[in-house]
Amino acid sequence: MEAVNKKVKISSNETIESPWRMTYRRLKKNKLSMVGFVILLGMFIFSFIGPFLSPHDMITTNVLNANKPPSSQFWLGTDSVGRDVLLRLMLGGRISLLVGLVSVAISVFIGTLVGGLSGFYGGWIDNVLMRIADIFMAVPTMPILVILAAVMSDLKVLPERRIFVVMFILGILSWAGLSRLVRGQILTLREQEFMQAAEALGLKDSRKIFKHLIPNVVPTIIVNATLGIGSSILMESALSFLGLGVVPPIPSWGNMIQAVNNFYNFQNRPWLWIPPGVCIFLTVMAINLFGDGLRDALDPKLKR
Amino acid sequence: MSEIILSVRDLKKYFPIKAGVLQKTVGHVKAVDGVSFDIVKGETLGIVGESGCGKSTTGRAIIRLFEKTGGDVYFNGKEVHSLNHKELRAIRPKMQMIFQDPYSSLNPRMTVGQIVGEALLDHGIITDKVELRKKVMKTIEECGLASYHIDRYPHEFSGGQRQRIGIARALALDPDFIIADEPVSALDVSIQAQIINLLMDLQKERGFTYLFISHDLSVVEHISTRVGVMYLGSMVELANKKDMYKNPLHPYTQALLSAAPVPDPTAERKRIILTGDIPSPANPPSGCKFHTRCPYAMPICKTDIPEFKDRGNKHFVACHLLDKNN
Amino acid sequence: MAKTLVEFKDVHTYFYTEAGTVKAVNGVSYKIKEGETVCVVGESGCGKSVTALSLMRLIAAPQGEIVKGNISFDGKDITSLSEEEMMSIRGNDISMIFQEPMTSLNPVFTVGNQIMESIMLHQKLDKKQARDKAIEMVKLVGIPRAEAIVDSYPHELSGGMRQRIMIAMALSCNPKLLIADEPTTALDVTIQAQILDLMRDIKQKTQTSIMLITHDLGVVAEMADYVVVMYAGKVIEEGPVNDIFKNPLHPYTRGLLKSKPVINQETDRLYSIPGQVPNPIGMKDSCYFHERCEHCMEICKTQIPTIKYYDEQHKISCFLYDGEGK
Amino acid sequence: QEAAAPEQAAEKADLTTQTVDIHKAEDPSKNPQQALDRKDTIVVGMTEFSGKFMEQFRQSSYDMYVNQMIFEQLVEVDDEGKPVDEGIATWTVENDNKYIFKLKDGIKFSDGTDVKAEDVEFSYLLLADPNYDGDSDMSKYGFVGFDDYKNGSATSIEGIKVIDDKTIEFTLEEPNAEVIYFFTGGIVPKAYYGANYTKGDLSSVKALLTKPMGSGPYKMVEYKEGQSVTFTANEHYWKGQPAVKNVIFTVTAKSTAMQSFLGGQTDIEMMDVSIENVEQLKAAGFVDLHRFPTNGYGYLGMNNALPKFSDKRVRQALAYALNRKDVVEAIYGPFGNVLNVPQSRVAWSYSEEGINEYGYDMEKAAALLDEAGWTMGDDGFRYKDGEKFEIFFTGMADHPVLDIMLPVMIESYKQLGIDLKVEYVDFPTLTEKTNNFSAEMWFMAWGLTPDPGDSSNVYRTGGPQNKYNYANPKVDELFIQGSKETDFEKRKAIYAEIYKVLNDELPCIIVYQRSDMWAANSRLEGFHVTPYKEFTKDLWKVTIKE
Amino acid sequence: MRQYITRRVLQMIPILLGLSIIIFGLFALAPGDFIDANLSKNLSAEKVAELKALYGFDQPLHIRYFRWAGDALRGNLGDSLQFSKPVTSVINDYVWNSFILSAFSYLLSIILAVPIGIISATKQYSKFDMGATVVALIGISMPAFFLGLLMIKIFAIDLHILPVSGMRTAGLNATGFAAMADVGKHLILPTLVLAFSGVGSLMRYTRTSMLEVIKQDYIRTARAKGLSEKTVIYRHALRNALIPIVTILGLMLPGLFGGAMITEQIFAFPGIGKIALGALSKRDYPLMMGFNMFMAVLVLLGNLLSDILYAAVDPRVRLK
C-alpha cells in the first residue's frame, strides 16, 4: 500500500519549464550557437542600423569617383557609379537577409507540413501529396517567374516590393524537396514502436505528427533551412536576369557579388566583391552554427 | 452473470512473408490463428505461452494496432475493427496497452513528463499545465519512479525504469481495460511486486480489467483470475487459475509448469523435457499443432484438429487425450 | 582454486547530465573467476548494466565516463587498453547479450547477417560456413524455421525471438566471458530452461565464465555459483549462491527474496520493499538504503557503510553487522 | 595593379573622320606559345551558334560570320556602306526598276561546279516560299509577280528572270532605293539545296542548314553543336587560294574570352569595348586592336501617347536632364560617343546639320517642365493637374549601360522633381510590353544597316517598330521620298531633314553609339575589318607571320 | 513491390499529361513570343503576322496544345524554332555533354561528401568537423560563377595547366585516347566547380543523419561484437542513415541531365543548361516544352527510384 498512498509532493517554488525555455537555456550554453547568434545579430544591426550612421547616401552618384579602392572617405571603396560600397553593403543586407529568411521560412513550413502528413498517413494521402510534390518539382520555375515579373509589371506593383513577392512565390515553389526528405524519414519513424504506443493512446493525429514524428526529423529540417538561406541569398541575384532581382538603386549582396562576373573586377577590384561574399558567407555560417546548436539543444542524447 | 467487457471471437492475424527483390508474398506467418475468449469486467486474464506464439500479436490485434486478418473483437459490445477513426480515438483511453519492449516504445525525443502526460492533454482530460504535472508526478511515483525523473529522457533510464514509464503512460489515462504485455519482466522483484500490487490495488479500487501477458508463471498465478495458455497461434487451455495450476490438462501446460524455475538453489527439479522439432507458424503442423513435440501424441493428433471445449468447471482444453477419456 | 578472469576494482562510472552527475556505478569491486557464473541482482537502475558496459568499455561518450578504478580482464587492465585491443576482446573474448533486444539489433540488416558478422570476423569462416553456423545457432536457441528466420528483419520477430537472436549472436564465438544482461526476460519458461541449459553446457564445455544480470531469483538459484547484490551503484552484499539464499544478510537482499511470488503458494499481497531508490544525483553520505530500511539506525543516516567479509566468502555492507563479521 | 584613369588609358580617336582606329601590337614577342604553335590554323572566338548556316535563315550575328565564310553575294558594300561591285556579279540598272546582274567568270561552288544564274534565282525563290520563316522580308520591294508566286500557283517569279547561265534580271513594280541592299544576300547552289525541294516544303533545305555549301573562300568541315565550326580553304575560290588553310570558330565564354585570347587559345575575337579591356589588351603586347563605331545606337524609348510624354517640351527636358556625356564616358570611356541622330556617324547618310546637342542643362530642363505645366510641389516632386510626375522605367537587368545610366537617371530626375521607378523584365517581356504600348519608358538598342531607309519602320506613323506612338506626317512623307530616290546625294539630304525633325521632336532620346573592337593576334598579317565589312570578307588574305 | 512500381509508372501518365498542360500553359502565358524575342527592325507588321501564323501562334491555346500533344504522342516533339531542327535532336546534341559533366561531378561529390559527412559526425566538433563544415559552407555561400572564375584564374591563367573553357581544344586533331584526354582536361574545372557546391549540402545531410544514428543501441551492439570502427560506421550506421541521402540522390537525378546553367556558361561548356536557358529567353516553345517534359519524366523517375530504394535501404518502410 505504501507505494499507492505515498503523497505526491511538488515543492511550491518549483518552476515548470516549457520545452521552449529548456531549448533556449541549452542554446545559451552552447558556445558555437551563441557565436552564430551574435554574428547574425551583428548582421542585422549592420544592415538595419548601420545605414543611419553612414555619411553617404544611396542615390547620389559620382561618375568621376567610380571604382575607387578603399580610402578614408570610402572605407570599402566605390562602385562603378561612385557610390559607397560600405553603405550599399549595409543596405544590401536588408534585402538579402529578409529575402533569405522569408523564402526559407515558407518553404520549410510547407515542406515540413506536407512531408509530415504524407509520411504519417501514407496510403493515398501520401500518394496524392507526393504526386503534388512531384508536380511542383517538375514544373519549371523560370517561366513562372517570368510571368510573375510581367504580371507585377502590369499591375505596377512597387518595384522595391517585388522581390518579396518573388521570394514568397519561390518559397511556395521550393518546398517539394524538403517534403520528400521529411517524408522519407517519417516512413521509417512511423514504423517504430513508440508510434504504436502513441496510437494506442489514441492521440490526435496532429499530435502524433508534430510532437512525435517531426521532432525526430528536425535535424534534417535544420540542415535544409541552413542550406536554403544561403542559396536563396544567391538565388536572388541569379534571378535578376529574369528581371526579378532587386532594382536600382536598391542593392543586395547577391547583386553586388555579381560584380565579380567581370574578370577585370575579379582581378583588380576586390573591394567590389569580397565584402558581399564575406557577408553571405558569414550569414550562412552563422545560421549554420546556430542550427547546429539548435540541433544539439534538441537532441536529448547530447547534453552534457 | 457478470458483464463481459471484451470478447474475442476466432481472431486471426497473418503476416505475409515476402521474398525476393520484388518482395513477392510467398506465404503467411499465422501469428494468431483463431483465438477466442471472453474477459469479464474486473477480472484478470493471464496469458502464457511459448515465446513467439502470438501473445503480443493477439494483444495488438485486440486494440487494433494491427488490422486483423479475421474474426471479431468486441469491446463493451462494439466491434473494435469496424470503428471509424473518430470512434476508435474515443475508446482508446478506455483500452490501454503496456508494451513489451520498454525502450523502443518510448519516443527518444520526449521527456517522461511529456510521454506520460500528453494523452491526458490530448484527450482533454486535464488541460491545466500545473494540474497535469501533478497528475504525472503522482502517476510515475505510483509506478515506482521518482518525481525528479519527470524531465528526463528515456535513454537516461535503466531498462526497468523505462518499463515503469510505459506502465505509467497506460495508467495515467485511468483505462477500463489494460493489455499488459510482459509489464514486469524487466523489473527487479521488489519493483515487480510493487507494480503487481499497484495493478491489483487499482483493480480493486477502480475495477480495472487486465489481459496480462507474461512468461512468469508465478506472477501470472498471483495476479490472474483465469489463465489461458497459447501455443503456436491458438489457445490450447483456458481455465480458472486454481484449476490451471493444480490440474493442468494439456500436455503443453504441464511441460510449461514443470519448467518454471524455483528460487531455491537446492530445490530438486523434475522437468518435462519437450523433444521434437519446434514447428513454424508459417507452416503449422496439421491436426493438433502440438503433436510434433507431445510426449503422448497419438495418430489422431496428426490428422484431426482437437476441439477447444469445456472439460468441466469452465476448464477449456483442446486435446485429443481428453476426448478419448471422456 | 580457479583463476580470476575479471576483477572490478573500485569502479566509478558517472554520467554527466543536465540535472547533475549521475553516479551510476559508484565504487564497485568484485571478481569473476574462470568457469564461474556470477549473478548480479539488484534494484532496477542500480547500475548493473552500466557495470557490464564499463567492462566492455561501451559507455556512451561523451556524457558517460569511467572516472575511477580499474577493471582487469585476463590480466589486462581494460581501462587502459587501446581501442584496437578492445576491439579484439569484444565479441571474441567477451560477448554480451544486451538488455533491449529490439533496439540492440540493427533494423536494416537481417538477423542472420548480424549473427554471421561476428562469426566471420572472429572465427574466420567464409560466408557460406558462417551462414550455416548462424542457422545452427538459431536452432540452438530454439527458434523454429531457422533457415527462414535468419533472413528476417528484427521487426518481424517477436520479443522473445529477438532476445534469442541476441543470445545466438553472443554465444556464437565461444567467449571467455559471457555477459548476459537479463537474457531471458522475454522468454517463456520452457525456452528459458532451454537457454539456461545451453549456457550451462557451454560453460561446462569451454570453461566460459558468465556474468548474468537478472531479476529472476529463480534463474539465479538455478544458474549462479556466486551472487552479487547491488544497490544504488554499490555492491551491498556478495557471496556464494547458497549463502545468499539461505542466509541473506542485508535488509535489501532479504526484501528481495521476500518479494518473489512462488507458484502454488497463495499470498494475498506480495511483499515489496517500501520507498524509493534515492536520487542518484547528489546523494548524501549515508547508507543509501537507510530511508527504506526497517532496521535503520542513527549511524546509517550519516555514514556510508563499507563492504566487509562476514564469513569466508560472504561479504556485506551494512552497519547492522558491524562487529559481527570478521 | 590599378585601373588607370580614362584620360591616360587611351587617346581619343576621332571616328568621324576615320572609320577604324587600329592599334598595332607593341611587343609581339609576348605572343603566347600556344598561338605560335598553330602554323596553319586561325582560331576565332565566338559566343554561340544556332546552326542556321544559310543567310536566308540565319538569326544570330555569329551564324552570320559562319555564313560569310561560305557564301558570297551579288553586291558588296564599301566602308561607308555604299554598294560596290566587289561581289560575284556586276550589275546595271534600267529604268530605275530593272536590275541586270552578270556573274563574273570562274566563280565556283566549293564542290567545283559553276555558280549559275539559276542558283541566284533559287536563292531568292527560297525567300518567297510560302512557308519561309526567316527574317528576310522580300515582299516590301515589290518584285513583279511576287504575290503570284508566294500566295498563288506560279512556279517562278515573273520579276526574276534567268537570261542565260551568267545573267539574271530582277524587275520591280516601281523604283525602290533600298532594294540594292537586298542583293547582299548569300547565293546558294541549287543542285545541292534544291535536290529534294518542292515549293512549300523547306524541310529538305533546312536539313542542310548545318552542312552548308557555297562559293566563299572557305568550306565547312565540321560543326560541333555548341562548340565549334571548323573550316578549310575552298580550293575553288575564285579570288585565289586562302593563305591559311584552316579556320576554326570556337565558342568562348563571355567572362573568360579575354583570358583564352591572352592565353593564345584564340587568334581573333570581338571584345567588349571598355577602358579596362583596351588597357589589358594593349598591355599584352601582341594584340592588334581594330576599333570602329558600332552599327547601332542605344536609346531611351517613351510612349509619346501618354499624357506626360505627349508634350515635346517634357521629352526635351528629360534629354537635357540626363548627362549623357558623363554616362557614356563612364561606361565606354573614350570609346563611345553621345549620338543625336538615328544613324551611324560613319554611314554615308549621317548628317549633323541643324542638330541640337541637348547638352546637360538642368536649368533648361526645369524651365521646359515649368513651361509644360509641371510645377514643383512641396515634396520635391512635380505635379500637373494634381498628378505626380512619376515614370515607370522598364529595363533589362545586367545590362552594362543600365547599371550605370539608371542610378544617374534616378538621381538627376529626382533633382528635377520626377520620381523614376525602375522595374526589370526579361527581353521578350519588354518587347511585348512595348508592342502593346504598356511600357512607359524603356531602354533598348537598334542595330543599323547601311541603308538609312530602314529607320522608317521605327519612326513613321504606325511603323511596325514605332513603339513610341510617334506620328508626324512630315516624317512619313520624307521616308517615302527617301525610299524612292535612288540618287545617293539627294537621298542623303532627305534623311538629313528627317534627322533634324526627329532631333527636335525627340520621340525617343538617343543616347550613344558605342564602338566595336576586334582583337587579333599580331602574328596574323592582313586582318581587315570595317563597320560594314565583316572581318570574314578578307580573312582569306590573312597570312600567318613566322 | 512489382505491383507498386507498375502502379506508380501508370500514375505517371496522368501526371505527365497534367504537367504538359501546366507547362504548356505557363509558356503560353509568358509574355512575348519567339518573334518578339528575336526583334528585328526589318519586320513589317504583315511579315510578323505571317510568321506568327506559320508558327501557329495565332491559334487558340487549346488547339495549339492538342496539336503539340498529338505530335508528342507520336514521338514528334516538333522543331526548335531557334535551331530549325527537331527538338529531340537538339536535346540529343547537348544533353550528353551535360550528362558527362554532371555524372563526374556527382560522382565526385558523393565520393567526397559521404565520407566527409560521416567523419564529421563521428568526430563531432573536432577540428576535422569544423574544417569540413567551414569548407562546406563556403561551397554553399559561394556563387558558382565566382568559384568558376577563381579556378580559371588559378589553374588556367596563373598555372597554365588546364584550359580556360570549352570542351575540346580547337584545332587539335586528336582521336581515340588523346581526344578523350583532351575532353577530360576540359572537364576538370567545371566538374570541380559543380562538385564543390554539391559536396557541401550532401555532406551536411550525411553528417546530420549520421549523428542521429551513431547514438543508437544497435551501434553499441555492433561495437560489442568487436567489429572495427570502420565496419561499425560504414556498414551498420551508414545504412541506417541512408534515407535522407537516398532522397537527395533521387532529387539529383533530373540534374544529371538538366545541365548546370551557370557553370556551363562560365566554361563555355556545350551543355543543355545553357540551351534550356536560351530557349526560355528566346521563347523557343517547342524546345522548352520538349526539354521540360524530359525533365519532368526524370523528376518522376528520380522520386520513384528513391521510393523504391527506401524499401531496399530500410526494410521497415512499407510502401503502399
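The chains carry the letters A, B, C, D and E, assigned in the order they are written, with residues numbered from 1 in each.
In the analysis below, a contact is a pair of C-beta atoms (placed from the backbone, for glycine too) under 8 Å apart; a residue touches a chain by one contact, two chains touch by 3 or more.
Small disclaimer: the values here were computed from a predicted structure and weren't measured.
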Contacts shared by chain B with chain D include exactly A, E
Which two chains meet at the most C-beta pairs? B-C
Using mean CA coordinates as chain centres, what's the gap between chain C and chain E in Å? 54
Report, in whole Å, the distance between the mean C-alpha point of chain A and the mean C-alpha point of chain B. 49
The distance between the C-alpha centres of chain B and chain E, rounded to whole Å, is 53
Note the residues in chain B that touch 2 or more other chains, in rising order. 101, 103-104, 141, 144, 151, 156, 194, 197
Two-or-more-chain contact residues of chain D, please, as numbers and ranges. 255-256, 259, 425-426, 429, 432-433
Two or more other chains touching the same residue: where does that happen in chain A? 3, 146, 150, 188, 191-193, 216, 258, 261, 263, 299, 301-302
In the complex, chain E touches chain C at residues 215-218, 220-229, 231, 236, 239-240, 313-316
Per the touch rule above, chain A residues touching chain B in the complex are 1, 3-4, 6, 8-10, 16-17, 19, 22, 192-194, 196-204, 207, 211-212, 215-216, 298-301
Residues of chain D touching chain A in their complex? 1-3, 255-256, 258-259, 274, 276-277, 280, 326-327, 329-330, 392, 394, 396-398, 402-404, 406-408, 410-411, 414, 421-426, 429, 432-433, 438
Spell out the residues on chain E that touch chain B in their complex, using ranges where they run on. 1-2, 217, 311
The residues of chain A that touch chain D in their complex are 59-61, 63, 66-67, 69, 80-81, 83, 146, 149-150, 152-154, 156, 158-159, 162, 240-245, 247-249, 258, 261-264, 268-269
